[in-house]
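Shared chain: chain A. Partners: chain B in the first complex, chain C in the second.
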Partner chain A sequence: MFNYTLRRLLTVIPTLLVLIVFSFYLMRLAPGGPFTSEKPLPPAVMQNVLERYGMDQPLYVQLWTYIKNIVFHFDFGPSFAQKDRTVNDVIVQGFPVTLTYGFWSAVFVLVLGIPLGIIAALRHNSIWDYTMTGLAIFSQIFPNFVLAPILVLLFTLSWGLLPGGGWNGGQWEYIVMPAIALGTSYMAGVARLTRGSMLEVLNAPFILTARAKGLPERVIIWRHALKPALLPTLTYMGPVFVYMITGSVFIDVFFSTGGIGQDFIDGAYSRDYSMLLGLAILYSLLTFTLNLMLDLMYAWIDPKVRSSL
Partner chain B sequence: MTDTQKRLNSKEFADPVAEEMIVSRSFWADARRRFLSHRLAVFSVFMLLALLLFALFGQYFARWSFEEIDWNVLGRIKTEGAPSLENGHWFGVDDLGRDLYARVVQGTRTSLMVGFVAGPLAVLLGATLGALAGYFGGRLDQIITGFYTIWISIPYIIFFVVWQAFFGRSLTQMIIVIIIVNWTAGLLIVRGQVMMLKHREFVDAARMLGMSDLAIIFKHLAPNILWVIVIYTSIVIPEVIMAESLVSFLGVGIQEPNTSWGALISEGARTMTFGTLWQLAFPAAFFVIAQVSLYYIGDGLRDALDPKDRR
Partner chain C sequence: MKYRSAIVPFLLSTTLMTAAFAADVPEGTQLAADQTFTYRVLDEFSSFDPQVVEDVNGSEVVRDLFEGLYNQNADGEIVPGVALSHTVSEDNMTYTFTLRDDAKWSDGKPVTASDFVYAWQRAVDPELASPYAWYMELMSIQNGAAIIAGEKPITDLGVSAPDDHTLVVQLSQPLPYFAKMVTHATTFPAPKWAIEEHGQEWTRPGNIVSNGAYVLTEHVPKERSVRERNEMYWDNDKTVLERVVTLVIGDEAQGLTRWRAGEVDKTDIPSGQFPTLKEEFPDQAYALPRLCNYYMTFNLKDGPEPFQDARVRQALSYALDRDVIVERVLQGGQFPAYTFTPGATDGFEVPEVDYANMTQAERDAKAKELLAAAGYGPDGDTLSFTYLYNTSESHQQIAIVASQMWKQKLGVDVTLENQEWKVFLETRGNQNFELARGAWCGDYNEASTFLDLLTSQSGYNDGKYSNARVDELMAEAKSSQDTNPLYFEVEEILSQDMPVIPIYHASINMMLSDQIKGWPVNNVEQNWYAKDLYKVAE
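Now for the complex of A and B:
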């Protein structure tokens, strides 16, 4: 188990290297830059600006300095577009916001999705089941960028219950809609998957044995069926986390939460190289950490996986 | 003769049975039969065809072009820009007084184009690499799967946004970046299938006849994994359309005055506070209809093609 974790942790190095090198050259080889504007700067000024940011050196030297600064000083460099902030500043301010509603969104996905799936499976082919499956398909098709405007339309514009955007230090009213908009389609996915695997487990021989022993239904479900039924759901959460991180970019933009997504999109517009690269690294690290945690949890639950590590 | 024997020998019964025995049913004929029995899927195919026809011929029913501003309603969009049969704005006008019907036609065209060109190409690329990795194994396999593992742990939106912002926002660039981002779709499963199939007798036979490796892969293995490719394509196409819409929503998608579903939904969402709800409703409806249809077509294809699920 320890060796496995260590091995996994080591794979993060090539992953980040590929990401950094690829993105770095991709951005630099494209025409234009953070300092090109409609009224070009005088050559002497331009020269000074480039020197200030170390952009007068050859590309591979810049890349090397960049990587060195991250590894030794944990410094992602100054922002090229927002003159008074460094990338570290932006991350420190924005990342907690994104993490907060991301966390609540994940809670929403699991706490609602799993019970819904179980109920649908236990009342197989009943009206509950059909309603649930129908809703699940429906909300899987409604992506967050269609759902979010509809939520704002209902809760803010029509009923005036919740604020339509902003963050305000993370009061709960400001978290509800971002979390729901981000999580709904995955909640539906989790419900559908849990339903399917629960149905399968309930037909397994060991459940028949438990029934034959005369165990009460409650015990059968909680003690025997739940754990194996949740395994597929857990594997599904891996890609879901990736998609939720992706989706958070949109949520940050749409709800103006002040999370890092907005800075990322702004960075893309203004060709803010260091901002884009820094946030890209952050997003990838987040994906990687979540997936690792998930795999370890998987090993913890499933003895077959544990022994193969 | 008993009644049962009579019935078995009767013409109504014997003829179909004989026919069934003569016409051998291929895998694909079987699949077609199963797909056609999936009513929702068949209905969805018609919905999708309707969308295609709309994208191809919708413009001939528009009274306005998609970039022309109707100065008569500009400034009074909330009261006079609503959908109306009189002034020819079937779906109303957008924020800038442009005909929304014509823009939806244009957006449908872009979104479907992206989905149906980039989706299959991405799957084909992934399948080819997966087949090569599975067939040759060894070092090549290690390189391809290693790169795959790295690639899937990078959130795709990053590349998407960076690429679109830096290389111009044209349809071609959009298709290229979608292929780059999605080439991993179907790679692993094709690799697995090929690894399983390459030890079968027909592959040995082909090799003994002196066929080259590539010829074996593309002539003999490809038909056997075509079903995987079809299923994955049906999954990837709606995903691609969704990704394109998301990126367009974020404002780094297709360049104005061209548009796509995501860009239209984004504009509609921005202006809904002014009460011009049709600007959100029409694009969102088209988007959702397409996604629902593609979902059920994919579902039908999975039921029809997946051999694990033979009934």
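Now for the complex of A and C:
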């Protein structure tokens, strides 16, 4: 297991390098630059600006400087759009925000989705099952950009219970709506997946054996059925969780959370090269870490996987 | 020999009536207990550094945090700020500002002329590389351009401080509207000691030292910023608003929802919603003239052959029913435009260009005639071209309506093409277009901020229009005391040459809570100062 983890960790470096080089050149292929504006800068001013950011250098020199700064100073460069701040500043401020509401959103997804799925499976073809399935389908067709305005209309405008947006240091009332809006359709997905795999597991021979041995139903469900039934959900939740904690552009813009999701899109529009690259690196590191954790969890849950590591 | 400029008697008189440019609360007004003004901004600010800030919202904050030589009053006229008055030399090349002696920085240090010298040198310093260095160039400060180009040291800039309360500015050419330009953020003073101590982080709360009516006390990028009354401000006694809060709300509709919920006092109106909101909230929905125009520009360099014929350009311009575009499509209180310069521009009287006075039916008939004379239309060749605009719903609506009008009235085939913003700018800037959308907002409140755009040497002249007479007139306007006749002639030439099709002059649409009073509705630059506002009780 240790060797496996080490091997996986070592592959990060070349992967990241390839990612940086590709993204770096791809970004530069897009027409326009960070300083292209409705009022074009006079050539002398443009020259000064480019020099200040080292953008007058050939591309490979800029790339080398960029990588060097990351490796030796952990410096992801300046933001061209938010001129008083660096990319490090932006990540340090915005990432905890998206991590927070992403985390609570994931909690919402799991805490609600899994029990719903289990209940539906246990009460297969009952009113419980139909209600749950209906609810899940209903939730799944509500993308966050439809759900969020509805939540605001209800909780803010009609009932005056929650603030319509903002973050305020992450007080709970500011987290509720972003977490629900972000998580609802995934929650439905989790519920349906859990239901499906639970049904499958409950019909598996080893459950039959357990029942034949006269084990109480509670023990069968909790000790024997749950773990294998959760495998597909785990697979599903891996990428979803990455998506959640790296922030949703829509949630950030709509609820004005100040998270980093919006920086990625803004960075693309404003050609904020270092911001885009910095976030791309952060996203890939997160994806990598979570995938690794997921694989290790697989191994913990599934003995077949464990023995193959 | 020096004489006082025309503005000075006016300035001196306003100095005596200081109440006229601070929050002017009528007697008997019941003020709200909580004097907090909260408003929505679309995006995170580019900077709070006066010499670096580029965006409109950032400049609004900077105007509250810092105070320049002059401020603007509710009508957009200049009134004393740190400077009480100025004199101008006979050749109009030297401006001497007298600074008040009670202006202080938020740390208690006096604001001196050398703070302005430092700031102005900083603005052109190639090392700071402010994109707004071009504004100093525009102000024609002696050696500004050479310093930006790295040919001279910053100490050669034509600005000096003979004593703490005198600032002398040397221009490279006379500029009749120079005094108006010093209300711009780029010209605000900067605290050298704070900048040297904190470097790039000097604008953060806690580090920042400022001389305006407010100080920055909180800033969570992309979420909120808070500025609070500056006790050290020379006119602090007259400030009424205690706190000003900005909330970044990227979604316009959500901005409106939060305005309805009472979370913000001011927000923009999503496009097309002004009429219904005006009906619902007659006293809180505003459409105010704004110093911006919207036009279409012909590519006269590499564009299609027919565009070289002024009759074709005129025909296309005449056939556009601006009233329909403004009243039916945009519905936000914009003004149909027949001149390049907005009528709201200070000192500019809209000249009577021919086609402005025709009815639309007359214009349509004339358009057909002109196009036929140029050899296009039903009896000639079919005119076809591509109209380029940047991706946006309202630009698209205008493009569709315009292409329909051309098609129906003149039989012209227009292909519409939209591009992402920066791609569009690059394409237009490289003259890779036929007809393209354009818009311009004035950098200062004087007609040349618009008309200079159409001179041959202008870096912003994307259509590459060139008319020697226009160049001559605009050059003459720089040193003329009576510019209107010159600008009239330029507009007259433009209406004949029609290098651009003016569509409308812009308005700003906003919802402003009726508790907030003192908003400068007549200031077409919409330069507002929180110190002039106050909040009444509900």
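One rule holds for everything that comes next: the second predicted complex is superposed on the first by the 303 of 309 C-alpha atoms of A that agree within 3 Å, B and C clash if a C-alpha of one lies under 4 Å from a C-alpha of the other, contacts with A are read in each partner's own complex, and residues count from 1 in each chain.
Criterion: a residue touches a chain if its C-beta (ideal position, glycine included) is under 8 Å from a C-beta of that chain, and two chains touch if they have at least 3 such contacts.
Since the model is a prediction, treat every value here as computed from it, not as a measurement.
Because the two structures share chain A, they can be overlaid on it, and in that overlay chain B clashes with chain C. Using the contact criterion defined above for the overlaid structures, shared-chain residue A:Val253 touches chain B and also reaches chain C.
Set against each other, chain B and chain C touch different numbers of residues in chain A, with C touching more.
Of the two partner chains placed by the overlay, chain B and chain C both lie in contact with A:Leu153. When the two structures are aligned on the shared chain, A:Val90 is found in touch with chain C, with no touch to chain B.
In the superposed model, A:Pro40 lies in contact with chain C only, and not with chain B.
Touch criterion not met for A:Leu162: it reaches neither chain B nor chain C.
Once the two complexes are laid over each other on the shared chain, residue contacts for A:Val190 go to neither chain B nor chain C. Contact with both chain B and chain C is seen for A:Arg271 once the two complexes are overlaid on the shared chain. Applying the stated contact rule after C-alpha superposition, one finds that A:Ala136 touches neither chain B nor chain C. In this superposition on chain A, the options for chain B are 9-17, 27-35, 45-53 or 63-71, and chain C clashes with just 63-71. Residue overlap on chain A between the chain B contacts of one complex and the chain C contacts of the other covers 30, 32, 149, 152-153, 157, 253-254, 269, 271. Interface residues of chain A, counted against chain B in their complex, comprise 11, 14-15, 18-19, 23, 26-27, 30, 32, 137, 140-143, 145-146, 148-149, 152-153, 157, 242, 245-246, 249-250, 253-254, 264-265, 268-269, 271, 276, 279-280, 283-284, 287-288, 291. Residues of chain A touching chain C in their complex: 30-33, 35-42, 44-45, 47-49, 51-53, 81-85, 89-90, 93-94, 149, 152-153, 156-157, 160, 163-167, 252-259, 262-263, 266, 269-271. Contact residues on chain C toward chain A in their complex (touch as defined above): 43-49, 52, 54, 126-129, 131, 133-134, 137, 145, 148-150, 200-201, 203-204, 220-224, 247-251, 253-254, 257-258, 260-261, 263, 420-423, 425-427, 429, 439-440, 459-460. Chain B contributes residues 146, 149-150, 152-159, 161-167, 242, 245-246, 249-252, 262, 265-266, 268-269, 272-273, 277, 280, 284, 287-288, 291-292, 295 to its touches with chain A in the complex.
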